[in-house]
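Dropping a structure here in structure tokens format, bear with me for questions.
Per-chain residue numbering starts at 1, and chain names A, B and C are given in the order in which the chains are listed.
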Amino acid sequence: MQKVRQLIRPEQIRELSLLLIIILIVIFFGSQIENYYSARTFQRISSSVMIIMVVAVGETMVVLTRNIDLSVSSMVGFTAYLAGQQVSQNDNLSPAVVVLLAVSFGALLGLINGLLVAYGKIPAIVVTLGTLAIYRGALVEYGHSKNILVRDLPDWLVNLPRETLFSVGELDIRLLAGLAFIIVIIFQMVLLFLPYGRRLYAIGSSPDAARIAGLPARRIVLLAYVLCGALSGLGGFIYLSRIGTVGTTAAQGLHMQVIAAVVVGGVNIFGGSGTMIGMMLGAILMGILEQSLIRMQINEFWKDAIFGMFILLAVASDALMMNRLRDLWARGAIQMRIAQDAAVQKE
Amino acid sequence: MSTKKLFTSLLLVALLLAPILAANAQDGEPIIAEPGVELDMVLLPKDPGNPVFVEANEGAMEAHEELENPGELIFTGPTPENAIPGQIEIITSSTTEGVDAIMISANAYEELVPATTAAMEAGITIVTWDSPVMPEGEDLFIAQVDFSETGIVMADMALNLLGEEGGEFAVLSATPDASNQNAWIEAMQAALEEDEKYANLELVDIVYGNDVAEDSYNQALGLVDKYPDLKLIMAPTTVGIAAAAKALQDEELCGTVLLSGLGLPSEMESFVEAGCAQEFALWSFHDLGYLTYYVSYMIASGQLEGEIGETFVAGRMGEYTIEEDPNREDGKRIKMGPFSQYNADNFDEWASGE
Amino acid sequence: MLQNRDWRWLLRWESLLAVILVAVIAANIQMSSHYLGTDNFVNLFQLSIEKIIMALIMTFIIINGEIDLSVASVMGLSACLFGRLYDQDIPAEMAVVIALVVGTVCGTFNGFWIAYAGLPSLAVTLASSIMFRGVARILLEDRSVGLFPQWFNNLGQPDLIGPLSFGIILFVVLFGICLIVLQLTAFGRYVYIIGNNKGAARYSGIKVRQTKLTLFILSGLVASLCGLLLAARLGTVRANAAEEFELDIITMVLLGGVSIFGGTGTLVGVGLSILVVLNLRNGMSLAHYSGNIQTSVVGALLIASVLLPNLMRDTRRLRQWRDFRFRPRETDLEEEEGTWQAVG
């Protein structure tokens, strides 16, 4: 038992159990759906979760600081529309410029959120509930209810979802899905190795302690929002290339899926704990559920109820199990100390 | 007498006679609209964010200028999440304000009726278009096409694409409670059962993309995965057909699984060229807005009674007659028609005309 | 606890609201000759009646330091349950009772996880809002149910008593009761104390869990009542009834000067903010602003309702700092608390 405790931390147990649940669910669907274990199924799931995963990376950083961003769906919609409009009007925009445009516009929207939260001292839920409506309203006004048309988009953009990074046997790893995965890994590295990453955790676990310790809490929170906006912008770009016909209602409701992925992935809604890998597993689990429920002969109308139950289960198991596990680990560490001390005294 | 004076007096006579001519129109002569009456009118779409309704508004604006109405034409609608209560709110506040006519594409068949009835009691003309309310809650309904005809057109397109040997096909619809789509699909199912020539067409599933691009995209691919022998997806919604076309294109399924339904030509152009959508139909929303405006203007100004059998001229669109609605008991309607059908053969024609 | 200082600030906030209200009303009168009139005033309340009744209970919950995002889904669920039962030939009276009971159960469900399992209300009610809406979808699928008995539909129409509707009378009565309970009874005081400091409240012997549970049970009950009112007003129910009502409800409460961290706020403020939001929306409707613009304005108002008092406090602190440069006050440190953290 001691050995186990030394080898893995409670967070890792949670991620492992999430992995186990994913495997069990895949086996379950495999037994229910014909031809489930195929390259096609992999394709569907990987390309349907890529947008959610990219946006959820930003959301995770915000949630780690004990805040929340509900406005991501409006940010994704607005950047997708704006990028689509610019690229339709100027054919010669290079891919890099379009991506940069989407990302920087997203960052700008995120900056507004961040300023209001960090410097305006307004609770995150109030700010982002408000900007969720404001950004969407602004988009509808800006877009005059005109759709972006696929015929106006350059070929490289329309064909982007088909680009394959590399193939393993029958499995094609698509460029965009690969990109999403790489972003998850990069930001996991940021959390692990950069001071900024550690500070996110510090602020989320105890804002007061972080302030007393002299961390520039406001700037850190602001940057988390800007990054969340920028990643939403990137999500908007992927949305544009995937859907093509983008209207002013684009990506409406996406924030629920993003938050669901984050929460199911074990990122504590009270901040301070959680990993990008966990979030990715959460997103994949939700993606598997959604894609597989479509293929089952299951009633359309049961989907939401099942979804809600999963999220609640994740939140509940988090609060109930994780606290107990952490206690157990802490107690184990203390017992070990006592045993060591006793051994020292004997000598 | 100079020619100028002669012309003026002739015009005067014509003007004097005009009301008499109009009064005689009941006897079968089509009524011609008299421009210049001041009327405030509200055009209330299901969702002002959907391009087809913006097209309808452009049509209404054309008629508004043509009829030289010095009043206001207001285009306003609810947010998608607040669709039904939002429409009720707009109808009620328009009633309070005392506009002369409200033209509604209804988000719900029953729920709007108390509000529209109150409006009618206040003397406001209620004309529905695109999607009606219950007959007691409206003056009349401007039907874009016959609902059963839409079903037959859908069945015919499927037959045309799949040929004699037929095969499996599935429907990708809007929301599960979209009354228009449900009526069309029902009509199509009825047609499939009744007519022998459709015997080989097998409708395997109906799924809903909720008129959300992403959901429609995922549902289209879900259909392909679920039915390995699927030959055709029929999407009677402009949002659904565009998203399904992109999904087929991204997964390199164009031509393997055919696509048809109701779509906007401008949105579908590149997909038809790429062979990802074979044939689709739609009526002109621009014309629908134009005709709706004409009818509402004429009823609100008293030039048209709104009774069955009346015939009138709707500007450039020509003669129409108010008739009994075959789909709704005690309902009155004007049928616009016809469908425009688009496929690779006639698409260039459309594109050059745009 | 409520200190003198807090009261003074609240009084100022409420007078600010009153000024805004007068300005909005003046603008409306200026803009539309149809604004003044019994019909319009009845409609003004009637069109949002479910939201304003719900805002009363939400006030308690937010003062208590929690939030309930599931109210709109509970409304939808109870309306759909009523419709489904009525459709299966269960008498309407019976269906009303069952719908109310189930709404109460939904509230208890939320309350249990929050008060006894100690889960954050934001996460619990977010999840349960998806779940309850899902159950509503299962109940009615794509159908709509209507043709309710006349007595039921009458509950949702104006002119029931004089020009007033049942909902408006219920709102006025509930407002009175809530005002008394929150401002004058021991229960009301507990709600404030818990919102200010949960830990301290528990040590001082207040039954924190019971209080929270009671509030969520009440929230479920009133939400299902509002769902039935909505069904009566529309005359038909379907699965997406009351979708996204929570934005308006929470806005009304926060604009009323209730702190999202709990502990402060009054029902008088909420009452004033309800009037502001209703008149603003009514004015914008009369001026034919589309739904998206209206929602955006409400969203901006929501942000402003917290930003403004923050700025007011900051400038005041700045002044204090200038006046007492050599004598820093303890309260300055106190006010730093609870700046950018989420609800909980």
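Some notes on this structure:
Please note the rule applied: a contact is a pair of C-beta atoms (placed from the backbone, for glycine too) under 8 Å apart; a residue touches a chain by one contact, two chains touch by 3 or more.
Worth saying up front: this structure is predicted, and the values here are computed from it rather than measured.
Taken as a graph of touching chains, this assembly is complete, with every chain in contact with every other. Summed over C-beta pairs in contact, the chain pair with the top total is A-C. Remark: subunit A and subunit B have CA centroids separated by 40 Å (rounded to whole angstrom). Centroid to centroid, with C-alpha atoms defining each point, subunit A and subunit C lie 30 Å apart. Residue positions of subunit C with contacts to 2 or more other chains are 141-142, 239, 290, 292, 295.
In subunit A, the residues touching two or more other chains are 140, 300-301. Subunit B has residues 48-49, 176 in contact with two or more other chains. Remark: subunit C residues 32, 34, 37, 39-40, 43, 47, 141-144, 146, 157, 234-236, 238-240, 243-244, 281-282, 285-286, 288-292, 295 touch subunit B in the complex. Partner subunit A is touched in their complex by these residues of subunit B: 47-51, 53-54, 80, 176, 207-208, 212-214, 217-219, 221-222, 225-226, 228, 239, 242-243, 246, 249-252, 266-267, 269-271.
The residues of subunit B lying in touch with subunit C in their complex are 42, 48-49, 74, 76-79, 81-86, 88-90, 92-94, 96-98, 108-111, 113-114, 175-177, 182. Residues 67, 113, 117-120, 122-124, 126-135, 137-138, 141-142, 239, 247, 250, 254, 260-261, 290, 292-293, 295-296, 298-300, 302-303, 306-307, 310, 336-337, 339-344 of subunit C are the ones touching subunit A in the complex.
By the touch criterion stated above, subunit A contacts subunit B in their complex at residues 35, 40-41, 43-44, 47-48, 140, 143-147, 149-151, 158, 161-162, 239, 242-254, 290-291, 294-295, 300-301.
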